[in-house]
Amino acid sequence: MLSFFLRVRQQTESLCAPLATEDYSVQPIVDVSPPKWHLAHTTWFFEQFVLVPYKPDYTCFDPDFAFLFNSYYNHAGDRVLRPNRGLMTRPTVEQVIVYRKYVTDHVADLLRNDPKQEVLDLIEIGFHHEQQHQELLAYDIKYILGHQPTFPSFETSLHLTPEKSEMSFIPIEDGIRTIGHQRTGFCFDNELAPHRVFLEPYAIADRLVTNAEYLDFIADGGYQRFELWHADGWNHIRDQGISAPHYWHLVDGRWHAYSYTGFTPVDPDLPVMHVSYYEASAFAEWKGMRLPTEFEWEAAADRFNWGKLWEWTGSAYLPYPGFSKAPGALGEYNGKFMVNQHVLRGASFATPKGHSRPTYRNFFHPHLRWMFSGIRLAQTSAS
Amino acid sequence: MLSFFLRVRQQTESLCAPLATEDYSVQPIVDVSPPKWHLAHTTWFFEQFVLVPYKPDYTCFDPDFAFLFNSYYNHAGDRVLRPNRGLMTRPTVEQVIVYRKYVTDHVADLLRNDPKQEVLDLIEIGFHHEQQHQELLAYDIKYILGHQPTFPSFETSLHLTPEKSEMSFIPIEDGIRTIGHQRTGFCFDNELAPHRVFLEPYAIADRLVTNAEYLDFIADGGYQRFELWHADGWNHIRDQGISAPHYWHLVDGRWHAYSYTGFTPVDPDLPVMHVSYYEASAFAEWKGMRLPTEFEWEAAADRFNWGKLWEWTGSAYLPYPGFSKAPGALGEYNGKFMVNQHVLRGASFATPKGHSRPTYRNFFHPHLRWMFSGIRLAQTSAS
Amino acid sequence: MLSFFLRVRQQTESLCAPLATEDYSVQPIVDVSPPKWHLAHTTWFFEQFVLVPYKPDYTCFDPDFAFLFNSYYNHAGDRVLRPNRGLMTRPTVEQVIVYRKYVTDHVADLLRNDPKQEVLDLIEIGFHHEQQHQELLAYDIKYILGHQPTFPSFETSLHLTPEKSEMSFIPIEDGIRTIGHQRTGFCFDNELAPHRVFLEPYAIADRLVTNAEYLDFIADGGYQRFELWHADGWNHIRDQGISAPHYWHLVDGRWHAYSYTGFTPVDPDLPVMHVSYYEASAFAEWKGMRLPTEFEWEAAADRFNWGKLWEWTGSAYLPYPGFSKAPGALGEYNGKFMVNQHVLRGASFATPKGHSRPTYRNFFHPHLRWMFSGIRLAQTSAS
Amino acid sequence: MLSFFLRVRQQTESLCAPLATEDYSVQPIVDVSPPKWHLAHTTWFFEQFVLVPYKPDYTCFDPDFAFLFNSYYNHAGDRVLRPNRGLMTRPTVEQVIVYRKYVTDHVADLLRNDPKQEVLDLIEIGFHHEQQHQELLAYDIKYILGHQPTFPSFETSLHLTPEKSEMSFIPIEDGIRTIGHQRTGFCFDNELAPHRVFLEPYAIADRLVTNAEYLDFIADGGYQRFELWHADGWNHIRDQGISAPHYWHLVDGRWHAYSYTGFTPVDPDLPVMHVSYYEASAFAEWKGMRLPTEFEWEAAADRFNWGKLWEWTGSAYLPYPGFSKAPGALGEYNGKFMVNQHVLRGASFATPKGHSRPTYRNFFHPHLRWMFSGIRLAQTSAS
């Protein structure tokens, strides 16, 4: 576990290494946190939940940091308001790197001294937590650079790969399925308890929707046809002036998009990315189809390729039967967000290796688009 | 059908009769429409969807009214923006009453001349639609009068009745159930298609939560304990300064509430009313229980008394498998609202007789409280 | 004074008489108060400041009304928040008319019993106050009816008259002038103290700017040329999408306007009306001229015709040297508004007879347009 | 002029030198620009208005920078929206320093080659412009650091000095004075034309109001007594929860303030600083006095000490008689801001040496407090 822990910590820092110091501190919208904040917050998580309670004689690196780098844990006290994360120019990036090393060394030290299972469990949550922030870093770095007027590129090995050209539908029979994590290896609390659901017969696509297909939707007036949209979605795209996925810009009549490699024409073979739940739903409606539920998705996950983009499902993010929150601060990890959001399943090209599994439940508000979201189609079959 | 049609039309007018002319035109919040608007909009619905397409030589009462009294039907063209309904002082109430009579007479005339089934179906939708607005009128009149600084009373036969003192839990076994309307009599499209769901074992309360129980929740610091709340709910009650159900005011240390009979101390035996989904969920969390899903509710509906208040469920408002929208404007009735809302089941004391059934799906955004909403508890049973 | 008092009270009621009951209660924007509110507030003013302190054994008509109909007098206690005036459906118009009669009778009674000068002074302020509200009623009624989608007309003797075709400039020599009211007859506190100002030489137009001239400004791109506008004005017209005076609408390429007589093509010979300070300034800039200061206006007032529309001046609303606030509530009448507003001089066709004088200082925020405002040009002369 | 130019450029960089890289890029509120932006914008000003039009064969450092670093010059084309200045992480601080050197060298080169007067005039405006930004940098750096939760100190030679303990009033006689710059040396266009004003007799304080005096105002309920405030001011302090000058915090019952040296108890002998026009006016009202007009200030400026803090006057920022805007972009420097702001006179301890003069007109919106503003009292004398 020690070497895995050290590798996760190192990966976070490697991911950020190509940034300029100025890029680390900015928060262009409330959803996007400064990279410096991610570096410090993931560190605070280990300090607060592992070192403070379990390391004898541990001295906090800086007592102010609990206030500065707590995200949303009411149990852990007051904190900087989320919209103000970008105003913290101090501590500097350099100081945060020192803080990371200090905490990494202390946790490593703890791990070397044969800690009890309870501590190992918390450290395990800690690096799954840090892996989640690695993926958020990928989103937030893209947002920060992709909203510079000059569209700078970003050096990274993360990249999206094309889909095959044909889309086929895999038929799935009706019946009772067990959904949720059945306890081999780590899972988050929201994947529990495993429980039975009944699925009516359906068919699910064997690949994601591509940019080529999405361009057809745009060309067919998809953003102007109210009958394809939820009422909330229609209001949202009209209020915000949305007529294409996020990062898309029309230049001389041709759609371009920003990616880590810079600003280039939209590649028709890549899966469409940076769409909201509203857009995913409207696209499916236009196709005369629908999105899969998260149960349909999970029941069929071993029948198709996934892992390029998080896939919007038609399921609202709600507790499973038998779900219960952990006591204390870690009980705030998932449960309190189970309203007003939709479930995304799968993983993206920015998801750290080993962090994904078929029962994993990601979730975002339906209007959000800065994460690496995509579309898979489904259809109800005649029973 | 003619006599039923005429009765529904008459009931709407009787409900409003005790209002002062001034009460008919005001829109204190965007969710509350002026009573005059309800009177005219339900009339426009018959004119637009029945008379214009199916009555030969029909002349519209006033060509401006389609613009003034369309609610949200994009298919039916432009309309007054929802927040501006309260600014329309013209037509006057008197003119709207004339409009109602004109359309009622024309529809009655159509009904007397043996119309084809298609027309009968539309008229049936029309009076179910008008019954829905009767219930909204009950909410909106209460809001308008209950926010006068002088708390005037309102003459009506609608009233809430007390719950029995003991709360028991009805155990329900696991198994597959068929959910949704199975086509005897009228239903809305959102009750279709009937489909199978698997329910894990659970228990459901045999009565609603009372004011006495809710006062205990308040006294126990329910509104100050973040761990009981959804994150969105906690933010909402703090931003809005909410510390009790809507219409409640603390006077000299004692909770009072506005009802149609005026401003009086809270009656402990009545079911608690005017709570949001957030409040219902927090109350259930405080009890160590949860809200039922809409499927659990429907599967057990014949085992308990219901019909006093609409009951929040833990289910998001989503389409059933096999749901499909009608073509044209009536396809906008339900489907486009299937995101960001929660399902309420049952009926309230303001629901017109004959308008409720166990498969009926009502829905509201989770923060709303002006409707007649209440709380029923459920628990997951050991399997 | 009794007969004048009774006439003022009667005039207010006559002005409103053609309204429908529904028109009395609505507040379409925060600046526009419901006519019912004006009727009651002017009455409360007499009750609060005359009857309660000076009429022996006077019983308030309704103790709630002080809360309902106080406008902005902090000295007189809490009150309904200004944006909520339109939500008060109770008391009804009929009850307010009864209230008016009750208070009118009591004040008349007081006047018949030879009151002391202090009481006479307060009653005098009271009917000047009521006359100000008569003019506001003219604005607010126009706004309420002019924003109905159906543009109803309104029966009134108030109407604007055309300007002569030629505009000439009256040259005024430099020198010291005494500005402010020199105490013959009634004035408001903001017209005091009289004081000396030095005016450099200038010239001032002998009539208002007409619609014909303003149409030229529009046709010449006046609303698209940033260099003509204040920065705040430019932002305002762009944010609000303003491209013509208030009440103007372009129909088939021709400008129309709403007036009390309905919706008709803009009359080129009438003075332009319903312009903001920003628009008045931009027009003057386009002409290569400027607006007069309030001192220039007052110094030349006997040299030109005025009284059709309130005339924007280039002067901010500030206290004169020697200005002092009255003690108590009436000290809130003017002084606390002396920031962020601009002075308008003159009178309008809706100003009650006898209410205007050359020293009268009217004032509004620079972006407002619903009042009867117009433009007079001035120029600095070579010295 | 060359050496003066080089010194001004150097001073800007020296002022910023103690900042961390992270401090340069942040914009905590819309009024506060990132220090990096100031460094680049003052450079762009020379590039845009001097080098591009007047240096033969000049090549812009980077064509994107005109878009990135234009402030508000509509004549100079589109630009980054003001609230987005803090989102520009690129170019980096290091790149901006290179940009500065490039432009400084080119301007120096131009100056060495005997340019014509027109160019010298523009360069002179350029370094007065840069000096204004030096003062804004002092404000903005304080805001950025003073809103870090950790209150870091900042190394600078700028500091405020105490006032003498006695306040006396200097009587000034009535009479005609000439106001405005009379053309010896540089001035901004808003100081023109010189013109005559008549002043009634008044008295003006010989020092600024101190923290000790302001603490008395607070202790006497100054922030709770509506009768002392403008209506707009009262609404503002209540909406924003303001009960002391900006940067003041109550710690254990004692007022502390942030300054460049850190967070310390309020020094009673220093002049009170960081007050809005509303606060300055309310304080004067509480004293039974008033603020001087800008004319009274200028007429008496040689009779008292000034230069510690900018002094709020009772005068709105309006054009002088005979004011005219320059053609082209530089005409946007002052004129378009002449509405909705109040004039401050004097200078502050952060005003660069040589940048102040008695006719200088500074101006801010009445609610602003982040600049170095203070209070001088005046009284109207009996005439």
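So that you can tell them apart, the chains are marked A, B, C and D in the order they are listed, and the count of residues begins at 1 in each.
By our rule, a residue touches a chain if its C-beta (ideal position, glycine included) is under 8 Å from a C-beta of that chain, and two chains touch if they have at least 3 such contacts.
Note that the structure is a prediction, hence the values are computed from the model and not measured.
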{"item": "Steps in the shortest chain-to-chain touch route ending at subunit C and beginning at subunit A", "value": "2"}
{"item": "Count of contact steps on the shortest path from subunit B to subunit D", "value": "2"}
{"item": "Where subunit A and subunit B are represented by their mean Cα positions, the distance between them in whole Å", "value": "36"}
{"item": "Centre-to-centre distance between subunit D and subunit A (centres being mean Cα positions), rounded to whole Å", "value": "45"}
{"item": "Touch list for subunit B against partner subunit C, complex", "value": "20-26, 28, 36, 64, 67-68, 80, 86-90, 92-93, 144-145, 147-150, 152"}
{"item": "Residues of subunit B that touch subunit A when the two form their complex", "value": "72, 74-75, 174, 176, 195-198, 200, 202, 226-227, 229-234, 277-278, 281, 290, 314-316, 318-319, 321-322, 331-332, 336-340, 342, 366, 380"}
